[in-house]
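In order of appearance the chains are A, B, C and D, and numbering begins at 1 in each one.
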Amino acid sequence: MNEKNIDALEAERDDLHLSLRRREFIGALGGAFAALSSGCGLRPPKEKIVPAADLPEGAVPGRADWYATTCQACPAACGALAKVRDGRPIKLEGNPDHPLSRGGLCARGQASVLDLYDSERFRSPLAGGKPVSWAEADAAVLAALKQAGASGRAVRVLTGTPAGLSAAAALEAFLARWGAKAAVYDPVGHEAILEAHRLTHGRRALPRYHFAQAKVLVGFDADFLGAWLSPVEFTKDWSRNRAPSEEFDLMSWHAQFEARMSPTGANADLRVPLAPEHERPAAALLGRLVADRTGWSGPRPPRASVPERAERALRDAADLLAAAKGRALVVSGSSDVDTQVLVNWTNHMLGAYGATLELSRPALIAQGSRAALSALTAELAAGKVGVLVVHGVNPAYDGPDASAFRAAAAKAGLVVSLAPRRDETAALAGIVAPGHHALESWDDARPGAGVHSLVQPAMAPLFDTRSAAESLLAWAGKPSSAHEHLRGVWRRQVFSRTKAKDFEEFWTESLARGAVTVEAPGLGEGRFDAAAPARVKTPGLSASGFAPVFFHSVAMFDGRQANNPLLQELPDPVTKATWGNCASFAPEDAARLGLVEGRLVRLSAGGASAVLPAHVQPGQAPGTVAAALGYGRTEAGAVAANFPTVKMLPIEKEEGGGADLYALSSAASIAVEVLGGMSALAKSQTQDSLTEPFTGRTRDVLRETSYQEFLMDPRSGNPEAEKGHSLWPGHEYKGHKWAMAVDLSLCTGCSACVVSCYAENNVPIVGKAEVRKSRDMAWLRVDRYYSGDPESPETAFQPMLCQHCDNAPCETVCPVLATVHSSEGLNMQVYNRCVGTRYCANNCPYKVRRFNWFDYAHEDGLKNLQLNPDVVVRTRGVMEKCSFCVQRIYTAKAEAKTAGRTLKGSEVVPACAQSCPAGAIVFGDLNEAGSPAARAAEDPRIYSVLAEIGVGPAVRYRTKVRNKKV
Amino acid sequence: MKRFTLFAALVFLSGAAGAAEKAAAPSPFQRSAALFQSKCAKCHTVGRGDRVGPDLKGVTERRTREWLSGFIRKPADYLDKDPEAKKLLEKFNGVRMDVPGLSSADADGLIDYLETASAGGAAGGTEESALAEDAPEERITLPEEGRRLWVPGLAGAFLLAAGAALAWRTAGGGPAAVLAVAALGSLYWSAGGRARHHLLGDQQGYEPAQPVAFSHKTHAGTLGVACLYCHHGAEKSDVAGVPSTNICMNCHGAVRKAAGQAGPSPEIAKVVAAWERRADPKGPRLEWVRIHSLPGFVHFSHRVHVNNEVRCQECHGPVQTMERMRQASSLSMGWCVNCHRLAPGAAPTHWKRAGGPLDCAACHW
Amino acid sequence: MATELLVGAFATPEALLAAARAARAEGLKVRDAYTPFPVHGMDEALGLPPSWLSKACLAFALTGLSIALGFQYWVSLFDWPMNIGGKAFSASPALLPIAFELTVLFAGLGTVGTLLVSRGLLPGAKPSRGGLGATDAAFLLALEVPAGGPAALKAFLTEHGASRVVEAGGAR
Amino acid sequence: MSATASALREPLIDGDKGYARVTEDVCRIAEGTPAPSWYAGLALSSAALLTGVVLVVHQIWTGIGVWGLNKTVGWSWDITNFVFWVGIGHAGTLISAILFLFRQRWRTSINRSAEAMTIFAVMCAGIFPLIHMGRPWLAYWVMPYPNPMGPLWVNFRSPLLWDVFAISTYFTISAVFWFVGLIPDLATMRDRASGLRKTVLSAASLGWDGSHRTWQHYEMVYLLLAGLATPLVVSVHTIVSFDFATSVIPGWHTTIFPPYFVCGAIFSGFAMVLTLMLVARKVVRLEEYITPRHIDAMCKVILLTSMIVGLAYATELFTSWYSANQYEQFAFLNRIRGPYRGYYATMVFCNAVVPQVFWSQRARRSIPLVFCVSLLVNVGMWMERFVIITTSIHRDYLPSSWAMYHPTYVEVGTFLGSFGLFFTAFLIFCRFLPMIAISEVKGVLDYAKPHHGGKHGH
């Protein structure tokens, strides 16, 4: 079966490679249509069609089916819908029915479908690096387990926090059978929060945050709109209070104190650069100020001094927080337990527990501890471990001391890895028992108490892999299919807690919905230990050198998806750099060190060092160096190592993609050495400001106003554009008139839309060298502009895509009619008619047209399986651009016509709008009265970018509103 | 096992999606008529003769209601045991009726429908194979590469001829002959010669040999199997699809010899072999040669056209007369656009809508 | 037309002009003059009417203009109207450059073509007065031999300064 | 202007030649064995041409990405070279047509070479729009031909399509004009040749016999062609300038472009004619035909057009300032002060400053100086096109997409290759065809001789 699958898929790949046609992918499930090109006479090459032998009833070739499942790209466990076309999942989208994520899906989630087709996945079990059968692998593991028992050496499982009930039950069964112990360690941990709650509330728990309830919000280095905990859920909640309309009651006020410029900070109403060493004093000061205003009578932490600017901001924040008691929230991403204790104290005083954050039904992700990993490393080093099973973590890369772990693991009797793909830890394993990709397996997730989310396969396994739960159960002596196991666990632990009567009915309904919420036993919010705040010590002065701020970026997170080209090419929302990390410095530090962008610097601490290109980051706290983690992986594959993805010119050489900073991440201070070399960053945007050089004038591209002014005048900051004269009467759109509105108040720059667009529209990945030459192919990009003081700038994001102008300048200039206007207001780009003069791109005021400079290789046949068969793969020499997802429009029309009804514009949701967790993008038919798109057109905040040149865009923006309460 | 559950989920989901789309409730009779169209009409007619199965006109008079209801619900039982049914099975080449999942209410409704239809109450006009015109394929036209080009062609011929005459007088025979030949060529082209020459890449008339000598003439013509019976994707999906082997086996599970032949047909044997060894990756596979092939940058939706009552033959030609399948139309863009341009008055009356979109993006994504 | 011709060769254009004028004055039939470059005053000396090619040129130009405008309007308004950049289907100003270019193209090619064809200047055509140096430095005058025979004519030519007199066939 | 004028005028052709001598002098170049310098020149230029061919093949094979263009700068060297060569291609027809209409008879010595130059320059120009396409093998789609796509025609609103018509019309009419002028001279050569050469020349000269009845129509046609080519020559660069003027990009969207481009074209065209003539008259010893008087006259044209171009630069700046349009003002400030300011400075220096030396007659008569100035003008005019095209789009409306453009070796080599083509073609022309219009020169031999001037009043 698996063999056959691969055959069929490879046949398809060959075909795709030969002719880049996409129509022939029919029904991969049961043997498939595979089209082969062979022979060549006067006619075009003869194509063969091999029909499926046994096509099941209900399966219709050429139609997409959607499965509800759970995204497994990070522990947040957002609900996802997998689009399956002819047996292949080709797209993940947010599941609106999911209780947490409610419809959005982040960049990494969107990209994770491509991980399924990663050629670095294991294709079969391995023993000593050689492919073996499952029977052989199981025998070897069982022998080692028995031998460990006999020789008195321990059996250990190193795992992340089990994602759900199924995984936990399988783990328990295994542990029970072999008397083993599990070391639970999470690469992206939130231990300080867990510990702090143990100290303040007597319970080691991670609260669930309800940003929707928070009208005043203060963040300390918590990138909750970027990559912190559950960004999709948080963005959804946060955005509820961010888009003012006239009937809107209150816009939230958000202050962020942070060292690096994070996407969250960039979206805050007030952002104050704050070095890490000032974080605890600042939290203490805020606590004391809030205590003054709320009448806290208990003991207080000692006074600490913070920079003056921060102190002023903290006073303002304290005023507002206290005034919004019960609707206020303070969050911190700090890994310092004391800081978190102070934050808990402040939240307690503000009455936030039970209102804006909840311990009663806590979040259940990332419960592990580093101590568990160090204890295990010590045990390993002492040679006490007979069998080590590693599941879902990669400490040989991202552990706090990866080299120690690697050395220790060598002393284990046998290391068994359950990793689905190559990684640094699997490289140490004697036996690899590869797991499935999430889209191939039955599993579940429990991101929070009472929230159960199902993972169901969207395709039969591509390779000879086995779900991790099946492996653990097999070794526990209770072999069961993952499906049966999952059903069993759910019958016992979920079904029993619902009111449903029939399990089968409950099960199919749950599968269709994707997630179930059950009554979780309320644990109560716990009692706050009033003595805790006073136990906090004020920190000593920081050491010399730079304070490290190594963070999880929106694209790379902890590096688990480093081999995903979609994420490598995704520009960081803030730095706009792709393909590798860079060391960011505050402008004043850069000036002092004589750094310019691209200058190589060596960061070192202890014995470890890393070389990175420098980057000057406005708004970064002086005395810090910030860089993204997750790069510089050695065992992740060709993409992570940044091998060229496009044919290079003979004179161009490619360099590696970023540096691994995990070894430096626990250092207190970093020495920075400026090296002689340069390595230009591959940035998708090189001009950071809307202020022109030479004139100092600001371009009216991104309109802003303050909430206060907005309340006085809803059109504030958005003066009506002068209406110019036209030579032409214009055309009437009688049927649909497609249009889009983007709310700049809601756009957080998270870039989910960008990846969604890439995945939906087969946008080519071009690689580092090409991005450096400004040749990225993004149809939809998120422009990021700074304004004001470079020490502490204001930031704004603006998604920019084809504006589908009614008077499109690109259309007039195309000599061959390759781009013309449709009767429904679309600016159509006909790839097959394009001869590639690029005149249209030159004449585009928004510069949203992208040219295929090369045949952007679709050489990795496996990756090609992700290509959307509904969208043609463009050949070289043609222009391409955003089509408003015309394939979705016409598919929806076909559905409507088949069903004999007329299409409603609001039925069509383009990929970008679908993915947006904040709901910033509204798409629809202007002629459909009362539709969101038609209503958006009446919004007083609506404006067209560059309205003065009279091109009449169909994409319009809503003014960004900042809450200037202070 | 895994696959089964996956399909179960798939079937469930597609069913759920379908249920959600159902419009206002139709009358019971309408529902039965629709049921007949979807479940029965591919093999049976009412008053249009035997197809794969018998003509059902007047069947309610021939059989009892109970017998019919039982047969509809559990055809297998009857085909195995009931003598009447066994006789029919023999008559219709051993093709076993297999319609799963009909309730007794469904069966009653169907019998009511058959009664009415036999009496002529429900015109058979909506029947799948009924064509509103006698030969819609005759409206297939050659691609008009040079629409209205005969005027400039003729003018060119005239000018060239005049030039030739002048050259004859002033420069002699050689130059005049060249111009005269050019004039003749132009005349030929404008007088219709242009229609006789295919442009490069025009596949019209392509009629390759297939691995199995499948005859559309026999199946669609003589036996009158509805097009959508095998190419069922055409009404639900953009892709019509080459039928999967299990569809062949619906009939050829029993039928092993061609009409009028004594022994088993070697052609059918190929299909049977492909079916029986379908699980074997090295087993024989049916590698059909693709005939209708649009370039990758063109999207054609079968379901939109089929649901607009555009007949299969209007594009694919008189398939029911083709022993070997051939491409009847050029499938060029101009050919597509000629129909899309038809105004409501000019379009065939049986189409639900006339005047298809002329936007590039309607086909080129 | 088997009329015999006498061709006189002169050294300068002035001599040729004088001879031609004299010949016409004496009522001799001047068939043609052959010169290395166009000699001014020759038209009048030979009594040629003004060239009609300017009228042909105008006709060609008008043809080009109407074809260009007609075709562009037909395509834009009737054959396949398209919304391009929101402009009206006709977008008249945009049609002018091509109309102009095609006017010039038709006029130029047509006029030259007419010249070549009407004067028999086509590949393969034979020059009629080869070997007499009319393309180098000789100025020739071809006179029809009157009924009285060539002698008087020969004398006439020599008298007007012809350095050489040659008999020629009657073609062209 | 009769007697006085002739007394003041110098003869157009030096050396007091007879008709036969002119024939001999001009035909000798095409009939004899070429000088070693000709072979050296041919070797050099064909090497450059070969380089260009190799690089163009590489570019078409691999993709246009081998150039340095990017998402922001979609045109740079390619269209710069195109406009540059089209501009150069203006001098020939201008000299032939406009000077003919203005009865500037000094043109006869240089018009043949200038026309040839036009044709070769337009060939060089035509290559660039062709190879700048992403899919040059589909270039025929820009022609409105009946096709099985509906038929789908072309976009008559696109300036690029106007370009197609303008350039192809210009090329056709120039080539016809050139060929019509060549016919009598080909006949002259035919009558001197023998063997294969004669056969070829016989076919090419179309049976020309110098008949005055033909000459009469011929002169009319020549006049008509000149009359047609004059607006054509103006229209071509006007239409080329529409590529930019009709766009919405600040720095491109400029109404001054048509006259500005036409003058620039004449300016650069004359400079290129001068460059070539100065070399040619030395190499093939035509000093008596191309006299200092010719050079002097051309220098004056260069001086005039230089000042017009300089005025255009000033007007551009004034307009952008006066427009009060933020984007417009920035576009021009960015030219002067932005990353490409070196190009702008070179452009102003070469085009507006350097030619001012021609106010001095001594400068106009100094061959080496004139040669240097003509080269600098060509450099400056190339810069002008680069500045207009590249600096306008590399920083347009949205700062987020601003980008820098740097050429690659492929672009540089392709440009070199276009020079290779130009000079190779020109050298072959010199070798096989009469470089000077024999019949026309014969017509002006008497010019400035008292009897002639008196008679015709030139």
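By our rule, a residue touches a chain if its C-beta (ideal position, glycine included) is under 8 Å from a C-beta of that chain, and two chains touch if they have at least 3 such contacts.
The shown structure was predicted, so the numbers you read here are calculated from the model rather than taken from an experiment.
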- Message: Using only alpha carbons, which chain's centroid is the nearest to the whole structure's centroid?
- Response: A
- Write down the chain pair with more C-beta contact pairs when C-D is set against A-C. C-D
- Inter-chain centre distance, subunit C versus subunit D - centres from mean C-alpha coordinates, in Å: 29
- Note on the structure: Separation of the C-alpha centres, subunit A versus subunit C, in whole Å, is 80
- Message: Distance between subunit A and subunit B based on Cα centroids, please, to the nearest Å.
- Response: 46
- Note on the structure: Chain centres from averaged Cα atoms put subunit B and subunit C apart, in whole Å, by 67
- For subunit A, what residues touch not just one other chain but two or more? 809, 812, 817, 820, 822-823, 833
- Check each residue of subunit B and list the ones that touch at least two other chains. 171, 358
- Query: Residues of subunit D touching 2+ other chains?
  - Reply: 150-153, 155, 157, 159, 161, 207
- Interface residues, subunit C side, partner subunit D - complex: 32-40, 42-43, 46, 48, 51, 53-54, 57, 71-72, 75-76, 79-80, 84-85, 87, 91, 94-95, 97-98, 100-102, 104-105, 107-109, 111-112, 115-116, 118-131, 133-137, 140
- Item | subunit D residues touching subunit B - in the complex, by the definition given at the top | 146-152, 207
- Query: Considering the complex alone, what residue numbers of subunit C touch subunit B?
  - Reply: 80, 113, 117-125
- Task: Show which residues of subunit B lie in contact with subunit C when the two form their complex.
- Result: 163, 166-167, 170-172, 174-175, 358
- Please give the residue numbers of subunit A that touch subunit B in the complex, ascending. 3-4, 7, 19-23, 26-27, 29, 31, 33, 35-36, 43-44, 46-63, 65-67, 456-457, 460, 481, 483, 508, 511-512, 820, 822-824, 826, 828, 830-833, 870-873, 883, 886-887, 890, 893-894, 897-901
